[in-house]
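You will see chain A twice below: alongside chain B first, and alongside chain C after that.
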Partner chain A sequence: MHSDRASTGLKIAAGLGLAFMHLPILLIFVYAFTTEDKSYQWPPPGLTLKWFAVTWNRPDVWEALTLSAKVASISTVIALVLGTLCAAAVSRTKFFGRETISLLVILPIALPGIVTGISLRSAFNLADIPFSFWTIVLGHATFCIVVVYNNAVARFRRTSGSLVEASMDLGANSFQTFRYVILPNIATALLAGGMLAFALSFDEVIVTTFTAGQQQTLPIWMLEELVRPRQRPVTNVVAMVVVIVTFLPILGAYYLTRGTDTVAGQGK
Partner chain B sequence: MSDAILDTGRNGIMARISDTLWRNPRLTVLLLLAPPALWLGVVYLGSLFALLAQSFFSIDEFSGLIIYEFTLKTYAELFTPANFDIIVRTVMMASAVTIAAAIVSFPIAYYAARYARGKWKAIFYLGVMLPLWSSYLVKVYSWKLILAKEGILNWLFETLHLSWLLDAYLSIPIIGGNSLSVSWTGTFLVFLYVWLPFMILPIQAALERVPRSMLEASGDLGATPGQSFRFVLLPLALPGVIAGSIFTFSLTLGDYIIPQIVGSSRRFIGQAVYAYQGTAGNIPLAAAFAVVPIVIMGVYLWAAKRKGAFDAL
Partner chain C sequence: MTSAVVFKGVSRHFGSVRAVDNVDISIAEGEFFAMLGPSGSGKTTCLRLIAGFEQPTAGEISIFGQSAQGVPPYKRHVNTVFQDYALFPHLNVLDNVAYGLMISGVSKRDRHQAAEEALELVALTGYGARKPSELSGGQRQRVALARALVNKPKVLLLDEPLGALDLKLREQMQEELKALQRKLGITFVFVTHDQGEALSMADRVAVFNEGKIVQVGKPEDIYYRPEVPFVADFVGSSNVIPPHVTEKVTGTRATASVRPEAVKLGDSGLPATVRATSFLGTSTRVSLELEGVQMVALLAKGQNIPEVGEHTHVSWGEDDIHLMETADE
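Let's turn to the complex of A and B:
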């Protein structure tokens, strides 16, 4: 504890912990190439690339993927606008009810997803709203706001107010100040927040099962396959692709906010 | 760019709006806040109220239709033995997962906060961040592969000639079962795996705030490493552990997918909510069930706040 070298026991425990977190995901990569299509046999009897072609030609996978991408894009845009506005208001002034607003933003992910889901379901039932593309977006945008908000609020805190005043003194109006001074300052934080929001929405399943009705997003498609497997190798391939697709925005968000005091992605 | 700024100057409609906003900071805040507050207020709070309202309705036993009249009958149903069992079972599972997650997380968080430097710091950071953000369903699916009868874990036990050990373990009542994938041990492992990063990050954040000099002072004053850990480090890390436990506890309480895919047929709160709102069409009882985790988390958050856990978030 007093030295700068970790004890062997601690190293082993930390290493085992990291391995525990990564080996299951790596296993998926092996299964995507297996020739066995009836069971989850280990070790795989042989390796093949056949299932990538089979998956490529499955219209249901493409439909689910398209719907997920659409929902995630629109939810991210809504979350970006609302989250930034909220962060700007909260960071700029102290006002009555500020704490309440912060709490309100965090609540959708602080409460279990099933609460958010059943709440929306109850509301749709009471208001007689039929399930549609927009009911999914409504839910997703709500819990994506917090991700953008967290990133933006941290950056606003670091952006000095005198920059804004200097810009105004030099003759710019509020909109020009926003466009030429504030936006370049917060751009990377917004990009990181947007990427995380996209990843969050793209992967969401618990709330979505309550707001989607008969529509299938990619996670719902996967859930169906998990409960009632039809063609296991296709599920393996989709799972692998999903892992790769979600890793990219996370790595991107990390590199965009690296070196600042709050690195993106610490809260989900 | 500079030309554009000079051209608009202080005249014109945009400039006048801009001046008004600058002179009235309250109005600016109000305008900034209105869209998000309206969205969250209407969509989210509105839905929560709808949930609360539904939980005070009841279902007509004969027609299966919802009676929109105030009653506490639905809440009374929560306390029938079968339903109360579900609640107790879920809380026990959430507690077990939380305790295990704290134990597994601590060495990782401690190493990352105190010893990892430079490249290793980044590796540990991404090592926690990637599992945190990678697809939830894929993570659950990977455990279905691991725990399957013909899967890697059984293969490992067979190769090591330890199958008898696994069989002996599975014959233990309650935590055992026919195979790992239909036992509570399986459910527990998947919960632990999926929520682990949510515990590591706050503990790491708390540990990073403990100044090194404090441990040195403790050592100088004659404490053994064990005593420094027990009386200096652990109390300072506790808010982080509590903050992490909020996530693991809350997420376990509300999950219905993991026990459905890996686990026995005995249900958890989330599954009850899902089943009642779905095929059964009993939204009031589903709503009442969903209020249970809200109440439990309310009490939990209140207790955590008193321990100062929110400073570690």
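Let's turn to the complex of A and C:
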């Protein structure tokens, strides 16, 4: 007989699995409040809020945070434009090599970050492009496009092609059709894709290591801080912020794409 | 009367496929014109050529005397009711219907009022606030109709609009569409693969086969006087009589057609064998074999129904056999 209830053993296993994944994150949060700043001591000798103030007054934290926010925003915008155009081309038209292009677009996310990083670095070197803010953005855009593309292509496939023809038939030119029919139908998919792309870019380390010059994005800054113990809990405070900043968009993306199983424009 | 739509030697080829092959049509203003044919016969492509979704490979299309060459769909005074209705899922019914007016810059108040009137025309008053997903197939069909009609098109194109509806709803919509067309006086161009639908609704029917129009005419002509065997067979399943049999009866060597209901069984005529009978309610269908040719007779209620395997004779009235132009098939 089929039972909807899980067995006790399964419940315990699931609980342990979740605890294994999430307790270490809680630990990071706890250390943000510790009074000990040289090493991570358990249990914390005392609790304090002073690290928040210290973090607030550290210019290097602000620099790293601003850089990461800028890189993530611009990479996301690039990805939204290019990813959507690419998805539209692949799902709306038939052309020679369409499947290949679809595969090539997705490939960067399947590729290990270190390969992407090394290849971009050598390419930049070869082309004599100095490492800058824009090289980081380019590096991030490679995988941000994939996330947007995947979301957009799935939505395009579920949107009936005759909607575009119906709009044209009713007098709308291409721009009006995009504005009044296509955009409203793919908006949530783009928002979800954009948020995921932003989150991915915001905590990216490997590709950034290879494509950044002297600049430090937030994750890179954290990595350096761990090696050099100086006001250690500051790292934890920043880590908390990063978790919250990346978690919110991912949560948002989840809620936006949930419950859109029905096909948009399905006639019958 | 002016012609609403004229095709002059229009072809549309997709690679080596001749979807539409050298078609000439002249559709009069205010006419209910049906394009009938099996799937892949080119009728839908013809409709898309009028709408502007396809451009002809060769030939010329004009709409109300103006060449449609290079005119995009959004600049044609033609509206389409799509086979899958293509209602905008993110808009409610009222905004769906008002879409065309919104694009042409009509104020919100005016376009909503016009949309309400259009919904009233298709008997959907009060449905404006619903989303298309909350409607039944028949209701969506009406919304699609209202959305096209609200723009007051010069020509309304309907692409198998009743195909997704069940039989009863389809018959009801056939009558309503016909009544609507008479009331509005708009030229309707209707694509269907259902011969009953075409014959009952249209003023004129064009029968398509393999990208070509094989016959154009009034429903009665198409039904009773098919010009080629394809029409006889596809429209209302007439009996196609091969030349050697026709010659025995009429003395002319030509392919001919005879309506099943005109076939009489009795003691005189050509000898035939009964292969099967099936009771259809108001009539009985008798399958016969006559000199290797399959024939069907529809016997009205009250006539003697022969047994399967029985030998009988087949005849028909002189007016009931219709000679077709081709003797070569």
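Here is the rule we go by: the second predicted complex is superposed on the first by the 258 of 268 C-alpha atoms of A that agree within 3 Å, B and C clash if a C-alpha of one lies under 4 Å from a C-alpha of the other, contacts with A are read in each partner's own complex, and residues count from 1 in each chain.
Just so we're on the same page, contacts are C-beta pairs under 8 Å (C-beta built on N, C-alpha and C of every residue); 3 or more make two chains touch, one makes a residue touch a chain.
None of the values given here were measured: they were computed from a predicted structure.
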First (chain B), second (chain C), both or neither touched by A:148: neither
Partner chain(s) touched by A:126 [first = chain B, second = chain C, both, neither]: first
First, second, both or neither for A:110, with chain B first and chain C second: first
Touching partner for A:163 - first (chain B), second (chain C), both, neither: second
Between chain B and chain C, more extensive residue contact with chain A: B
First, second, both or neither for A:88, with chain B first and chain C second: first
Partner chain(s) touched by A:173 [first = chain B, second = chain C, both, neither]: both
Touched partner set for A:181, first chain B, second chain C, both or neither: second
Chain B versus chain C as contact partner of A:138, first or second or both or neither: first
Shared chain A contacts, counted only where both chain B and chain C touch the same residue: 168, 170-173, 176, 180, 265-268
Parts of chain A lying in touch with chain B, wherever the complex brings them together: 1-2, 4-6, 10-11, 13-14, 17-18, 20-22, 24-25, 27-28, 31, 39-43, 78, 81-83, 85-86, 88-89, 92-93, 95, 101, 104-105, 107-108, 110-116, 118-123, 125-127, 138, 141-142, 145, 168, 170-176, 180, 196, 199, 203, 205-206, 209-210, 219, 222-223, 226-227, 235, 239, 242-243, 246-247, 250-251, 254, 263, 265-268
Chain B - residues contacting chain A, complex: 1, 4-6, 8-10, 14-15, 17-19, 21-22, 25-26, 28-29, 32-33, 35-37, 39-41, 43-48, 50-51, 53-54, 104-105, 107-108, 110-112, 114-115, 124-146, 148, 150-152, 155, 193, 196-198, 201, 205, 215-216, 219, 225, 228-229, 233, 246, 250-251, 253-257, 260-261, 269-270, 273-274, 277, 283, 286-287, 290, 293-294, 297, 313
Touching residues on chain A, where the partner in the complex is chain C: 160, 162-163, 165-173, 176, 180-181, 184-185, 262, 264-268
In the complex with chain A, residue positions of chain C that touch it: 51-53, 72-74, 78-80, 82-90, 99-100, 102-104, 133, 137, 140, 147-148, 151, 164
